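One chain, chain A, links the two complexes that follow: it is found with chain B in the first and with chain C in the second.
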Partner chain A sequence: MMRAYAPVAVAGVAAALLPGLGSPYVLSLTLTCLMYVALATSWSMFSGATGYISFGTAAFFGLGAYVCAWTLDWLPWPVVILGGAALAAAFAAGTGGMILHLRGTYFAVLTFGLAELVRHAMTYGEKQYAGTVGRMLTEVPSDLVVYYTVLALAVAAVAIAVAVRRSRFGLALAGIGADEQRAETLGVPTRRIKIAGFTLAAAVAGGIGAAMAVRWTYIEPLAVFNPFIGLQTVLIAMIGGAGSIAGPVVAAILFSLIAEYLRLQFPYAYMIALGLLLILSMLYLPNGLAGLWRRAGRVNR
Partner chain B sequence: MTAPSQGLVAERVTVRFGGLTAVSNVSLWIRPGELVGLIGPNGAGKTTFFNILSGTIAPTSGTLRIDGREFAGRRPDHFARAGIARTFQTPRVFGPMTVAENVRFGRAFAGRRADHNPQVPGEVDDLLAFVGLRDDAEVEAAAITPARQRLLEIAMALSTRPRLLLLDEVAAGLTEAEVQRMAELIRRCRDELGLAVVWIEHAVGVIMRAVERVIVLHHGELIADGPPGEVVRDAAVVEAYLGAPMEVAP
Partner chain C sequence: MTVGMCASGLGAGYGGFQVIADLELAVDPGSITAIIGANGAGKTTLLNGLAGLLPRTGTVSIGERMLKPSDALAAVRAGLALVPEGRRLFPKMTVIENLELGGWLLPRHERARRVDWVLEMFPRLSERRDQLAGTMSGGEQQMLAIGRALAGRPRVLMLDEPSLGLAPRMVDELLSLVARIRDEGITILLVEQNVAKALAIADHAYVIERGRMVAAGPAATVLTSDLVQAAYLGVA
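This part shows the complex of A and B:
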């Protein structure tokens, strides 16, 4: 178990030292990797454990981004990040209470719709009250500050995932994933546990959204509520193996690097190649990279 | 019946699914430490009634009190924490977890506090030994035989340290010898752990020999409630359950 975390820790230290060594391009690429590490890890913590597949990450990410746009000028940077996390968490807690009794496909489709709903609501609200849909971010923190913020969030996401897995809360989530009704008859307050897990995952996505918002100088609903953010989060977690912690971390890094390479080398075939990659991994790696790793370990022994 | 303060009391419990009345106006009282059999033909409402007693479904009307507190409409985890444990007709174990982990689960939630039944052991090992699964502790639950999964389900139910154990056809599909061992285990749950047990079973013979009191449901209604010796002679039971009076050779 500990051995699996070692490469993750090494990657974290390497990422921390990177700004002194890497070029701005490498730094920006690493930032994308870290963003998906945080999103996929927190997603797996809830959806991987319980089987409640959420495509709603974009909603939480976008809400965090808008909190940043609203408050960046008058609040200190850490408060902006926490504010993004808080709004996303509050939204998840409220909607979670309404939709977490749905299972399987229904829940998945609804979370997808949720992200779209929030996007349109934001467009409407901004038009009504601010008179504009987009917002310019003028005074943004330095690249270095953003980098370390996202790194801290990625480290926090992994730490939360590890802590949850070892806790009674994590056991309750696993029980819900294995057989929700059975878990309930054994004393798990499933409703509260599901809302708590959904909310915790949303908080991380909201924090990431707030931090990444400053990378764009112009914020608008289509960009920050992009459904691809939710889709990619699910894909990465699945490719890595949503039941493990190291799997999604490794997959986030690999996926971001491969996506970048494909985008540069084959700008037109890029999405096709990513789609093929996904199909192949679903067909041949049902438990993701983590499953491959475990199988290799069994063969070596 | 004067309203008792101990045990589980159902009064005029009714469950309707759309136009179908699955359980109709059932009143009964399960006293602490009682060993009760619940029988009835297919579709009599036995499992639906269990679902009400464990909170899995809420009654359409009627009251359900546990030690004097009203529980109708509460969620299953409240029932579990109030000392009511159940098994399911088809074993519902956590397949990917080991046998020991399955038992540890209930211990970590409803069984965390021993105040409802300190007679039930708190150690996972002791619970596994009680049902006879100690040798399978580290095996994946999905990999053991269905007969053993039934034993595991009982250990899981016991891990919540209950006072009332609801068993839904735990002897179905077992061999004759296994059925005898199961009946023995159920009796030990009552004698050694001080549990009240309600046991649904299709095999009437097994139930009649094992329990002190039999409840008979038919078309969702309670048609008999008494000692096995009396119930088998009850005209309504013979009519409903066996279809026709048993032929007696001249």
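This part shows the complex of A and C:
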């Protein structure tokens, strides 16, 4: 059991030591890795366990980013991050109550629509009340502060995922994924459990959104509610194996590095290559990298 | 406390199609009541209607407590547990994890005690506590399905075709376990294709045909009735 988490722990320690050793470029690349570690891990904690595939991560991320844009000038940095997490969580709890009775593709499509809806609502609201669509961030925390914030959030996401998996709450989420009606007839309050899981995952995405917002300096809906963020989160979790903890962590790191390499080497074919990678991994790695790892372990024994 | 179950004017079906209608059912406290009938007679519909998994009409009560229709959570909270046909375990969870989920409604310390009680009752499960449910034999899976329902400390246990697909020796072992569960004070409603074996352990029996009750009485009387002898036991 502990051995499975060892590579994750090593990656965490390496990331913590990195600022003293790596160049700004390496640091920025690691930041992207850490962001997706947090997003994919928290996504797997809920969607991987229950099978409720959510494309709504961008909505929570974007809400967190906007909390940062609204409050960075007058609130301390940790409060800004917590505020981003809180707004995303509140939004997830409210919408979760309305949409979590839908299953399968209906739920997936609806969460995708949700992210778009929030983006357009934000555009409209900002135009109406602030007279602007984008917001400039002037006084931003140092790169090092942002780096350690995102690292802390990534570590928190993994710690939450491990704790949830070992808890009764995690057992209930897995029960919902395996047979929701059966779980309900055993007395599991499936509706409340789903809303709680959805909300917890959204809180992490909101916190990450708030922390990453300062990297843009100019916040606008198209950038922070980018559906690609939600899509990429799902891809990473699937490639890593949404049923495991180490899988999405490893996949987040690999995927971010490969994406960066492809973007630099083949700026035009980069998206095509990523798409192919996804198709291949879906076809040949149904349980993700984690499944491949387990299979290799069995063969070696 | 041992309680019984009563249903009156019970009707249920799927999407406007009425499968059972106007059923009267009385399950005595601490007894085994068997429901027998051919395939498609409406036995599973009856159990699902009682469990709150299907919309139903009529009234259902557990002891003094009336059950709301279409509310599976309320039914299980009132002490009504269903072991469905096909077992429907959580195959990728261990035996213990399945039992833990079964005891969801109990407070923590009581849940641990209850899980121990189930493992004592089913020594085979105790040997396999960390095995994944999906990798066990059919008989063991059926035991786990029953054990999981018992982990929630139900007052009334409904079993839907527990012997389906099991070897004859396993069927005997399982049905003797059902009798032992009754002796623990749990009221049992048993739906079973294996008519002779079911009636051998049952106290009362109902015969259901095309959604309606056609016979009822003490199990021994029903077993020797012409209707059952001819239709279910093939005795001309």
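Basically, the second predicted complex is superposed on the first by the 301 of 301 C-alpha atoms of A that agree within 3 Å, B and C clash if a C-alpha of one lies under 4 Å from a C-alpha of the other, contacts with A are read in each partner's own complex, and residues count from 1 in each chain.
The definition used in the following text is that a contact is a pair of C-beta atoms (placed from the backbone, for glycine too) under 8 Å apart; a residue touches a chain by one contact, two chains touch by 3 or more.
Remember, it's a predicted structure, so these values are computed and weren't measured experimentally.
A.B. asks: Is this a clash or a fit when chain B and chain C both end up on chain A?
C.D. replies: clash
A.B. asks: Looking at the overlay, does A:Leu171 come into contact with chain B only (first), chain C only (second), both, or neither?
C.D. replies: It touches chain B and chain C both.
A.B. asks: Just to be sure I read the superposition right, which of the two partners does A:Gly131 touch: chain B = first, chain C = second, or both, or neither?
C.D. replies: Neither partner.
A.B. asks: For A:Pro24, is the partner it touches chain B (first), chain C (second), both, or none of the two (neither)?
C.D. replies: A:Pro24 contacts neither chain B nor chain C.
A.B. asks: For A:Glu184, select first, second, both or neither according to whether it touches chain B, chain C, the two together, or no partner.
C.D. replies: Both: A:Glu184 reaches chain B and chain C.
A.B. asks: On chain A, what residues does chain B touch that chain C touches as well?
C.D. replies: Of chain A, residues 168, 171-172, 174-175, 178-179, 181-189 contact chain B in one complex and chain C in the other.
A.B. asks: Quick check: in the complex, which residue numbers of chain C touch chain A?
C.D. replies: 51-53, 72-73, 75-77, 81-82, 84, 88, 90-93, 97, 100-102, 104-105, 148-149, 152
A.B. asks: Please give the residue numbers of chain A that touch chain B in the complex, ascending.
C.D. replies: 168, 171-172, 174-175, 178-179, 181-191
A.B. asks: For a test of understanding, state which residues of chain A touch chain C in their complex under the given definition.
C.D. replies: Contacts found on chain A: 168, 171-172, 174-175, 178-179, 181-189.
A.B. asks: Under the touch definition given earlier, write down the residues of chain B that touch chain A in their complex.
C.D. replies: Those residues of chain B that touch chain A are 54-56, 75-77, 79-81, 85-86, 88, 92-97, 105-106, 108-112, 156, 159-160.
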